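Per-chain numbering from 1; labels A, B, C, D, E, F, G and H assigned in written order.
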Amino acid sequence: MTSAESPEVPVLVRQEWCKGCGICIAMCPKKVLEAAADGKVVLARPEDCIKCETCEIMCPDFAIRVVGGRSKEVARGREDVADARA
Amino acid sequence: MAVPIDDYLRTQFMPHIWCPGCGHGIILGAVLRAIGRLDLPKDEVCIVSGIGCASRAPGYLDFNTVHTTHGRALAFATGIKIARPDLHVIVLTGDGDAAAIGGNHLIHAARRNVGLTTVMFNNSIYGMTNGQYSPMTPRGRYASTAPYGNVERNFDMCELVRAAGGNYVARATTAHARQLSNYVENAIQTPGFAFVEAVTQCPTYFGRRNKMGTPVDMIEWFRKNSINAAAAAKLDPADLDGKIIIGEFYRGDAPEYTEVYDEVIERAKEAAAR
Amino acid sequence: MRREIRLSGYGGQGLILAGIILAEAAMHDGHEVVQSQSYGPEARGGASRAEVIISDEPIDYPKVTNPDVLLLMSDQACKRFAGSACQGGTVIVDSGLITSIPETSGVVYKFPITDIAVEATGRSISANVAALGVLNTVAKLVSPESLKNAVSSRVPRGTAEVNLAALRAGIAAAEAAGAER
Amino acid sequence: MPGHNGRDLRLLQGNECCAEAAILAGCRFFAGYPITPSTEIAELLSEKLPQVGGKFIQMEDEIASMAAVIGASLTGAKSMTATSGPGFSLKQENIGFASFTEVPCVIVNVQRTGPSTGLPTAPAQADLMQARWGTHGDHPIVALYPSTVPEVFDLTIKAFNIAEQLRVPVILLMDEVVGHMREKVAIPHQSEIEIVSRPQPDVPPEEYLPYAAGPDGVPPMAPFGTGYRWHVTGLYHDETGFPTTAAPKVDRLMKRLYSKIESAADEITFTSDEFLDDADTVVVACGITARSARRSVRLAREKGIRAGMVQLKTIWPFPYDLVGDIAGRVDRIIVPEMNMGQLIGEVERAAKGRCEVVGYSRVDGEPIAPAEIVAKIEEV
Amino acid sequence: MPGHNGRDLRLLQGNECCAEAAILAGCRFFAGYPITPSTEIAELLSEKLPQVGGKFIQMEDEIASMAAVIGASLTGAKSMTATSGPGFSLKQENIGFASFTEVPCVIVNVQRTGPSTGLPTAPAQADLMQARWGTHGDHPIVALYPSTVPEVFDLTIKAFNIAEQLRVPVILLMDEVVGHMREKVAIPHQSEIEIVSRPQPDVPPEEYLPYAAGPDGVPPMAPFGTGYRWHVTGLYHDETGFPTTAAPKVDRLMKRLYSKIESAADEITFTSDEFLDDADTVVVACGITARSARRSVRLAREKGIRAGMVQLKTIWPFPYDLVGDIAGRVDRIIVPEMNMGQLIGEVERAAKGRCEVVGYSRVDGEPIAPAEIVAKIEEV
Amino acid sequence: MAVPIDDYLRTQFMPHIWCPGCGHGIILGAVLRAIGRLDLPKDEVCIVSGIGCASRAPGYLDFNTVHTTHGRALAFATGIKIARPDLHVIVLTGDGDAAAIGGNHLIHAARRNVGLTTVMFNNSIYGMTNGQYSPMTPRGRYASTAPYGNVERNFDMCELVRAAGGNYVARATTAHARQLSNYVENAIQTPGFAFVEAVTQCPTYFGRRNKMGTPVDMIEWFRKNSINAAAAAKLDPADLDGKIIIGEFYRGDAPEYTEVYDEVIERAKEAAAR
Amino acid sequence: MTSAESPEVPVLVRQEWCKGCGICIAMCPKKVLEAAADGKVVLARPEDCIKCETCEIMCPDFAIRVVGGRSKEVARGREDVADARA
Amino acid sequence: MRREIRLSGYGGQGLILAGIILAEAAMHDGHEVVQSQSYGPEARGGASRAEVIISDEPIDYPKVTNPDVLLLMSDQACKRFAGSACQGGTVIVDSGLITSIPETSGVVYKFPITDIAVEATGRSISANVAALGVLNTVAKLVSPESLKNAVSSRVPRGTAEVNLAALRAGIAAAEAAGAER
């Protein structure tokens, strides 16, 4: 955990695991994320985050995690939330 | 409460070996979320794979895990399941592993209706060996052994598994990670043989050879070219050319192999007692 | 005489191609030559390494152990291989990519190789060929003519011009540095 | 029907006897694919295993059978398969996996005349070297070789015990003739049979290192699904079971695999001999040929020739020292075998030129008769 | 780009060179299944074969690849496949079929560190014995083993020629290091290359006996679809090609299969040596290890030690006489190899105790360096 | 003019090894009549088989014939066909040979659409090895390795081959020998991969174990329990349980493999010329 | 050929090939055939034969052959003649 | 003493079962015993052959070469094996099935074995057991008691009575013939 866990940070990024593929950045519906110089992800607009978990679900490297997570119902994916950007 | 993915990972080995943007990690996440939602005890889960990039998954997972020989995961898994029917045996396999060298074990596991959940990571290429065409590479696509475009056609693996007797058959792509996870969950819950095809991106070989752009581009491509089974049923087959049909194709209730075998044991014991 | 060269960095920098180009140039100069590269778990992303042996006699043992010439193009490569250089060997580092150089028994030459390539061609992908320009100018392994020919014949179709520009930029940078020192 | 010493006296085919012995040895899982002349083993087990709560499955081919056997063994079930030449060839890749991942199992090969389809119902002893070298890469192997139906019983039990004790695949080589002949066997009670089971961890799961071995070189093996979650891979792995490419660890694993068998070599080398003491000609043989060899030396003795014989019941590891000792004491070793010369290669290695080594091959699908060996003994 | 003696001078990988040589040798059919470290052979042939009107197919596995190669060869096409350990294990059953039915073909095995998945990108020399004994039943085999890229060229051509001349499957064993290294190769013009093709019948179809051999033991082979309708079977067969169980015919077939190779042994045994004349220590090695051996004896000579070396380019049939002769003349033979001791077994057989035979094994995925062999030479 | 069966037989080896009343000979006759009606030149016909009773057929036939290894006939045949596309390559195989050990080669040959005609002699048993159950043995039937009744289900091989991509798929029984022969004729004429399942009697093992009576009884049983595909389509699936559905199930026109490969050769030659 | 080829004999039986399975006997629509003591087939009522070829087509042993054979059209089986006894 | 017995005829006559019964009887008499049968191309229909060796010492070589006792139950078996009987051996033929007997060095005993069985049991399938009755009465291999027990324990469930009747008939026929001679 390189990002400190504090209430203001909606998602945590494990920098050592992130490979900078850019998927979370592209998939975030709120444009919360951006690439740093080394390609790895940084939180550019944490305040816009809606904790939709798309970044977490789409990250192939288990490198990004929504703090606290969502309700079991939502995590189950059973609600009719459409897929990321779909 | 979120699913405890970290608890399922052997985090000491992370980051994993998969390339940046490889879709295999997305599929693995979907599988782990399904296990998490079902709250399966870790000691009762057994993950079996063959050889390939996809098949490296079990090494990262804190269950009973076996990384077997190329193409044979389902045969190993059959032995495990039959010897210990109470275990949840999940096979993670690639399109080469499952559809090329392992094709026979796949159709026979489906026919026997052994209670295995199989997730095929279909990137339409042999990733591990640097990009040769696979039985899932569409005709005309390029690969290191198809420099003039692939001569062969690909399987419709869901149709094939269904025809072989599979009791649950579904397909989704990495662009549909939530749906995919739900399918895996349903697969685990369906008794008998369950098969989920997860269409995924290999940006390093398939993507590069076929000029498909970044991993994000590939995911977008999946999203745009996917069509739901219900919608597809209404279209002319010709319009489906090149499309990825996603959805749950079959969910049956044929008796599971080990349950039928338990009846044999009863009959045998009676016979022996006589 | 047998000279061992190791080119190391990360996947995607084209160092294997650079090794092949160097070997091909040496071959056309009439030398015996062996080129090899590391495979292994590193193959999937991560580190990359190419090795070349140039000799005037048949090469029996074809592995590089203590390279006479060492090119280091990533921090990781630097950490792993800096110490492998032979006593007094030539160690060339891409100073734009490398933050610190561990102890080495070679003589270190620093060049911002990738930056040189980007400046000359606008494309960092040609850093491998720029590195060859630098390296060959410092270590004098093959004739500049053969090197140029090998670059032209081995780089992907349509990129010869760009790569020759990178080569020239590498050579120029090394020559300029030589003048300075 | 009480027989010898209260044992159950039965007239059994070699193949039947192997199946009966397997169940008494604790076998509870069989996966196979039919092939002549081994099929009776599967047939009998399909009937008997479910009677004792075990499982029988006929897989789609031999590759899958071998895989299923390994899978079942990972759960703790004593497991076996049975086949013949063509199927034995197909099993090789997964036999290597079992050897490398140290998963106990028993593979029976009832040999027939090869190569290829050959003569499916005729005997040959031509898979000896394949048993040793059939899979790619370095790997040690244990192979036992009975010559009578009672020996089939004995060596089947031993095969399971060795597999478990050393965590190795054990190959039971049989001759078609032995597999198909019926002989008298006194079946002991279950209680009389010594049964060995694989070593179990004596540490809690958190401390379990699945490939850390004690002085005997054999790591404890926790069954899947019992709280010990470990990883099995055909890649080089270290004590944790996870892949490694570190040269010293690679070296250490390979050498341990060999040394665990070498250290147990004395315990697992079974032979039987006759007239060895004063012999100047010794016949070395195995399987059905050993029976002819035994008769042949008796016939030779009747003619006043000082002949002796050794039957090798353990083929692999090959008893180089034993054969080497004999070579140092005698004039000639004769190696009759139903192949083009396989055992003889090892005898020559062991003999190191200390005596003459003469082969006698028969490759027409007929067993070697005693008279043929006598003729060879007489011809100096 | 004209090079040595007007030849085409090229910097080629061992695998690439093998593919190029195959096409020059007349190969027109390749079936394979990808596996590291052999895949470049398939990749290059997928590009080059159709350019010369040949056929490339990637099959569903190695078993099918081997089958397709045999099928294609029956039509007269010179055919090959390439693989590595796990795939080589899978091909064994059909290699036996090719050997038994006498269908010419070339099987390349670019070896990696086994057993099982092992270290897929690291070199080892541990499939030597499998090349000899991998399939069930008696069967002779020819296996060649290059140590440099130019030797890859040369021995690939020879492999096809021997396959055709003797109607046998020929195995080309390669080290991962050789398969992946690039060296200078002077490619001769097609016209400079001697090409051998399988013997053809000189009788009309009615008189054709597909398994009746002349004095060289090699029967003429008519391509399918040319009016000679014959039968191919993996069962024992007589001169007509049809199945037989008659013991004398069975015996005759098996012995001819061995003798046709034995009679040609001198022609197909290739070696290379250095400082043999006055050596009292000789290093016997093959493949990449032979290069280290060569360097090591030079280094030893510099130290005044009378060391020499032999490189075996033909591994099977093993040159027992040659090695036996050396054993009779020297004090010590050293056998360095990247395995737990395979070649050494044959050297010991050949030596028959006439000199000391010492092995040096390295099994950690790294090649043996010259200094290691020098140390072994120095240690008496 | 009658078809010259004798001219196709290596009569010197007759009578053949098959048991009295074995249906394999009826199927073989149907195949030979199809070849005869098409008047294929004997030198251009190649018959390939694996191992089993069924697979002994080629030895009796005066064509280019290969009796290969168990399960691999289609892979050998693929090599032959690709190397010599002008030959008529016909694969005669058993249900064990084709559906058990050879299942993978079958689905891949179908997927590639290689121009092979495959006739599977389906007697629902391994005859050659004395009567073990096969992947075509229905659940509940007895066999030497199914003493308590077969635990496994059988494949619907026609459906499977169709799902894998086969270009011609049909089924008949020995009770429908004329129809069978017509199907084989159509199969040979259809380009691409063609598959005919011939349901047949093994009186010696399947028949005896399952108390099915004489060979004549078994043929009668087939006749009574067969139903035409068209008629079957109108019935409730439940009513089809235990029935043998016969008919031509599919006849397509997908391009044959070797023809597509010829295009690759053209492209490659152009590329080389450049 | 143990039966002599004469115009009165509508079908020929190769006794050496016949295994006496009885299929032809059962399938013959005209009951032309019968089993001899050794089980092999004999012509009991040659005069009833309609040369339908059923026996030939159904014999697994190529042991029975209709003399002369039928027209190509019929041999092709293309006519809508139902199968034997069907 | 070692005695070799060969039972030969055609498939379906149950000769292998007869061999097993004989061997089992000998085993219960306390003898060493080996029983084997031919497999091979004949397995599919055609010829059938079972062999038994009964001995007082361990049996080393387990193959029958020149049988002391030979049962011939088909013309084909007769042609193939009549000559194999040892000098003075006992050769028993089913005179109802066999038309001519080639030369043999054994002593030939003719019994219409199958007819005897049919007469006694109405079923030709019990000829194998009737043959055992004949053979054992003539050649005295095992005790009648053991033979009876072995028949009961080895024949298919529910056929013991029928088979014992056949056995008795065989014994009776042989005894009667003995009385006559």
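To be clear about the criterion, a residue touches a chain if its C-beta (ideal position, glycine included) is under 8 Å from a C-beta of that chain, and two chains touch if they have at least 3 such contacts.
Being a predicted model, the structure only gives us computed values, none of them experimental.
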More contacts between chains, B-E or E-F: E-F
Relative to chain F, chain with the most remote C-alpha centre: C
Centre-to-centre distance between chain G and chain D (centres being mean Cα positions), rounded to whole Å: 55
Cα-centroid distance, chain B relative to chain D, in whole angstrom: 38
CA centroid of chain A to CA centroid of chain H, Å: 85
Shared interface positions of chain H, touching two or more other chains: 40-41, 45
Per-residue multi-chain contacts in chain D, two or more chains: 36, 47, 50, 60-61, 63, 86, 93, 97, 116-117, 119, 122, 233-235, 243, 245
Junction residues of chain G - those touching two or more other chains: 19
Touching residues on chain B, where the partner in the complex is chain F: 100-104, 107-108, 111-113, 135, 139, 148-149, 151-156, 159-160, 162-165, 254, 257, 260-261, 264, 267-268, 271
Chain A residues within the chain B interface of the complex: 14, 16-17, 19-23, 26-27, 56-63, 65-66, 68-72, 75-78, 81, 83-86
Chain E contact footprint on chain C (complex, rising order): 20, 23-24, 27-28, 32-37, 39-41, 43, 59-63, 65
Chain A-facing residues of chain B, complex: 1-3, 5-6, 9, 14-16, 18-26, 29-30, 33, 36-37, 174-179, 181-182, 214-216, 219, 223
In the complex with chain D, residue positions of chain E that touch it: 63, 84-86, 88-90, 92-93, 96-97, 99-101, 111, 113-120, 122, 124, 126-127, 129-130, 132-139, 233-236, 245, 247-248, 250-251, 254-255, 258, 339-340, 342, 345, 348-349, 351-354, 363-366
